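Across the two complexes that follow, chain A remains constant while its partner is chain B and subsequently chain C.
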Partner chain A sequence: MDIAVLVKQSLDVQELRVDQDTGKIYIEDAPTKAGDIELNATEEAVRLKEKLGGKAIAIMLSTWGSSGKRQKEAREALTRVLAMGLDGAVLIMGEGAEKGDTYVIAKVLAEEIRDKFRLVLAAEGSEDNFSGLLPARLAAELGWPYVAYATAIEVEGDYVKVTRSLEDFEEVVKVKLPAVISVTQEINKPRVPKLVEIVKAKKKPMDQKDFSPHVEPKLVIRELKVPKVERKQIVIEGDVEEAAEKLIQALKEEGVL
Partner chain B sequence: MKVLAFSHSMDLVLELISAGRELGDVSLIMTSDQEGRINEVKGAKEILLCKGMGSGDQEGLVELISGLAGDYEVVLLASDRRGRELVGQVAHRLGASSAVDVSSLSVEDGKLVVERMTFGGKAIAVEELGLPAVISVQKGKFKPPEEGEPSVREISAPSVERRIEVIERKEKPKVGVPLDKAEIVVAVGRGFRKKEDLKLAYELADVLGGVVGATRPIAADLKWMEEEVWIGISGVRIAPKLLIVVGASGQQQFAAGIMDSKVVVAVNTDSKAPIFEQADYGVVMDLYEFLPVLTRKLKEIKGG
Partner chain C sequence: MADFDVIVVGAGPAGSVASYLLAKRGYTVLTVERGKRPGAKNMFGGRLYSWSLERIFPEFWKEAPVEREVTKEVLGFLHGDRGVEIRLSTKPEGRSFTLLRAKFDQWLAEKAEDAGAEVISGFKVEGPLIRDGRVVGIVAEGDEEMGAEVVIAADGALSFMAEKAGLRPKLSKEDFAVGAKEVIELPKEVIEDRFGLSKDEGAAQLYVGDLTEGVIGGGFIYTNKESVSLGVVMRIGSLASKVSEVSTAMWEITEKFKSHPMIRRYLEGGKLVEYSAHIIPETQFMRGVKLYTDGMVVVGDAAGFCVNYGVTVRGMDFAIESARAAAEAVHHALESGDTSARSLSRYQEILSKGMLRELETARKAVDLMEDERLYSSIPRIAVKTLEHLFLVDDKPKENLYSFLRKELSEEGISLLSALLLGWKALRSM
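After this line comes the complex of A and B, so read on.
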């Protein structure tokens, strides 16, 4: 059974610099990477493939432009998941994808997936935008069932058994293949590839394709604003007793005790 | 403008109606298991009651909502996990635009304009959506409406080709005071070495009359606490007047959940931990030494 893993080239939000005074967001300067939860999806795909045979392939649509730097980062992100044990990768580069319209992206990815795979694994949300819309749209585009927030996956013949945790319930559902499943960070501990695996990964097949959207986006990002959060950042000094007293005093002055 | 709304959680239904009323008349879908709470619904124009379907039937709901949505410009869902699972599917079936977890919404020149958090909370995106649109609304942002009796109309359940079967469902225990409504929160992170040590945080919360929340790894990974109490972009967003963050690094995905807190205190051994940039008062100390002393001194003041 062949598995596709959706890997997004995400902005590293920890490294992203924003200026609260000018409202500037330094997107071009921020590095991109494969999202952390996509490493969980990758790990799960590799485990399933080791058990069941077949191939597991990463599919990435580059979303932050196609400059040389971004192309290099995209290939590095894919090398990372290949080193974890995936068999190959497809990198789709194109202008316009950075506009973030999941309607368009789902259509492009579906072309790549239909007829080739039985199972698609994705993250519950991407690291930079965390909407979780793409796997749901992809499922609808393919006409496949969709189950989100998996914390365990087992394949049994033509079905996948998915355990998931919702706000009010723990659920186990049986889903008919082909299907799209999104996973949470708790599903497994992604393996850390060894150096030899990284070297080998560089020789694994990586197809690069271009895409030009032939569909109109449904959504336009009008503006990105920086929320203003002002914190005093006062460090309380002294030994334990003094620090506790100073803190209590400060909180009293704030009127929150 | 006509708005169609649905939420699995009756607690979120009223917030959805109130968000929907900013755009126009709201029709609310209710399922068989929600029928008993029909009298709690205020502010909607009408209730579309589907007695032939339960709210646990996600596949059925995709059909039901997509089938009805043709008569509406906007579909509103809740931002809980099951709500979010529906948004993308329903939107794509309709060829509609979509956004999740929106904190505000309005109509301008025939477009729906929404705001939502992005980049792990470092930015707010203002998005223009073509109509029809399917969106989910951030929890706790809209005040429940108090009046307006809806009319009730029964609707039939669509027939669905089943590919998903629920084979086990266990209800989770409900947590006490919901974190998003708490005035004082003590948030714990992986700086705690074992589950029993969380007692230090509970004792501090007790003397302050507050509740204990956690980072995601504490709740979801280590399972030391219920999942409802993790704070952050993928959990609860809180707005207490006092938040004390203990042994948490303050990674962006956590920090996104605490921005609306009035006063933030951080306790961490690492003076370079990002949490100190998110805090009003920082204590660079071992929580095992600092918390017992802080709790004792607070008890003294409170006359305990």
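After this line comes the complex of A and C, so read on.
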């Protein structure tokens, strides 16, 4: 049974620089990487594949531009998941992809997946946008069942049994394959690839395809801006004890303490 | 057979150049870098002298991400809120460039990759893999072993590779100085205007004075395209007992430097975008590093090829040149099938014909600059003397000679030793 893992090229949000004064976000300067929850999806795909046979392939549709830098980063991110044990990767990249909304992206991914895979694993949300919409849209596009927030997955013949972790209880559902499943970080502990596995991963097949959608996005992002944080600018005076007293008082008034 | 012909530890300038040259010759090369990306965490003051990189990539600045070519050299003396600046203007001839490591190191590492080296980032090497007294590979994090005919240790100033292979003693507090640096963003035109630069030209400015409170060291400013690199270098490794004390002291001195009226005007309206600190091993320590053993050579900072001039540090060009010599020696060793220490000693031979001489000259200059008075008395006297020359008030003016004599005796310096000091300072520049 062949499995597709959706691996998003996420902005490394820890390295995202913003200008508090102007609200500008320096997106081009921020590096990208494979999202953390995608590593869980990868781990799960590798475990299933090891048990059931077949191939597990990473699919990445890059939406942060197609510059040389982004291309290199995308390949590095894919190398990392390949090193965890996937068999190959498909990288879809090109002009216009940065404007793609989940509607367009689901359409493009569906074409790539439809006849080739029986199971799609994805992260419950991406590390940068975390809209969590894509797997559901993709399932709708494919006409396959969708199960979200999986904490355990078991394939039983033509069916897959999925444990979902909800607020107060766990739910176990059974759906017929082919299906789309999104996983949470609780599902497993992703393996850390060894050096030799990274070296080998660089030689695994990586297919680069051009992004060429047949539809227009429905959602247009006009501007990305940092929310403004207003400072209170309270100056506390007095000797140390007095000042400390006043500070505690002020913090209490703000409800911080 | 080993997994790779060569494993290079560290993708700083030394590591990437060695990787590039050996991969270009067709050897299988694995380069392992601890940082998320090559250069991600690497810092330096700000200027690369071109000579050694030019031997590998002629006119590299046309392609490499350099910032500005240095055509203005400024030496400044600070005393209280006053200061003197001496400025040397030169013609652009490709001699030295300011740059930012994150971009530059990545460019060099890409060169190595394009030549065929496997560059893997985000992996820490624990140490050399040693069997029967010879280095046969590396031990990577997670106790993973990887074999190589030759290992090149390019892991920087702290080099655990060299230490674990028994090529250098453990570094102790007395053996290092500390550097701290900030990157402050300013619009291009503002930089060119304030520093008196034309397009693509840059300034390197060094300052000594009471800023460091008698400790050897000082402040520096290098202009980039749209930012300035500013920082301080100080020999406080031996004075402070705790890391936290060192970093507070460095921060305070940096703040003091930035708020000096002469420095402040360069920075007004700028935005702090980066802060970093790094240790700088002292010359005496660096002189004691052995350069090779069976199956391994040490290059760049790891080999001690770095000179701390007090206010500025120079090591990038030496790192690159030593990597070139090492690649040459490793090539011969691999070709002859003999990677023993004896065969690799060719590395030291190549270096002693060229770079080691230059390095020794630089180190001697540093020995001359050990005199703490260069960092305290001289700046003070310089500022006061110029004030004496230029400022006019209602009191009668003493003649310059007797003024100087008086100032010197206040500092406890005889006229003769003042001349000697001046001579030393000039010689070492």
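Everything that follows uses one rule, which is that the second predicted complex is superposed on the first by the 227 of 257 C-alpha atoms of A that agree within 3 Å, B and C clash if a C-alpha of one lies under 4 Å from a C-alpha of the other, contacts with A are read in each partner's own complex, and residues count from 1 in each chain.
Criterion: contacts are C-beta pairs under 8 Å (C-beta built on N, C-alpha and C of every residue); 3 or more make two chains touch, one makes a residue touch a chain.
What you are looking at is a predicted structure, and each value in this text was computed from that prediction instead of being measured.
Asker: May I ask you to decide whether A:Lys194 touches chain B, chain C, both, or neither, giving the answer as first, second, both or neither?
Answerer: second
Asker: One more residue to check, A:Lys202. First (chain B), second (chain C), both or neither?
Answerer: In the superposition, A:Lys202 touches chain C alone.
Asker: Between chain B and chain C, which makes contact with more of the residues in chain A?
Answerer: B
Asker: Going by the contact rule set out at the top, does A:Ala140 touch chain B (first), chain C (second), both, or neither?
Answerer: first
Asker: Can A:Pro31 be said to touch chain B (first), chain C (second), both, or neither?
Answerer: In the superposition, A:Pro31 contacts chain C only.
Asker: Can A:Glu245 be said to touch chain B (first), chain C (second), both, or neither?
Answerer: In the superposition, A:Glu245 touches chain B alone.
Asker: State whether A:Val155 touches chain B only (first), chain C only (second), both chains, or neither.
Answerer: A:Val155: touches no partner chain.
Asker: Inside the complex, what are the residues of chain B that reach chain A?
Answerer: It is residues 8-9, 56, 59, 80-82, 84-89, 91-93, 95-101, 113, 117-130, 163-172, 184, 208, 216, 220-221, 227-228, 233-234, 241-242, 251-253, 259, 262-265, 271, 274, 276-285, 289-290, 293-294, 297-298, 301 of chain B that touch chain A.
Asker: Under the touch definition given earlier, write down the residues of chain A that touch chain B in their complex.
Answerer: So the residues of chain A touching chain B come out as 11, 13-14, 16, 18, 25, 102-103, 106, 124-125, 127-137, 139-141, 145-149, 161, 165-176, 179, 184-186, 218-227, 229, 231-236, 240-241, 243-245, 247-248, 250-251, 254, 256-257.
Asker: Please name which positions on chain C make contact with chain A in the complex.
Answerer: The contact residues of chain C facing chain A are 3, 30, 32, 36-37, 110, 118, 120, 123, 140, 142, 144, 146, 271, 273.
Asker: Across the complex, what residues on chain A touch chain C?
Answerer: So the residues of chain A in touch with chain C come to 17, 19, 31, 72, 192, 194-196, 198-199, 202.
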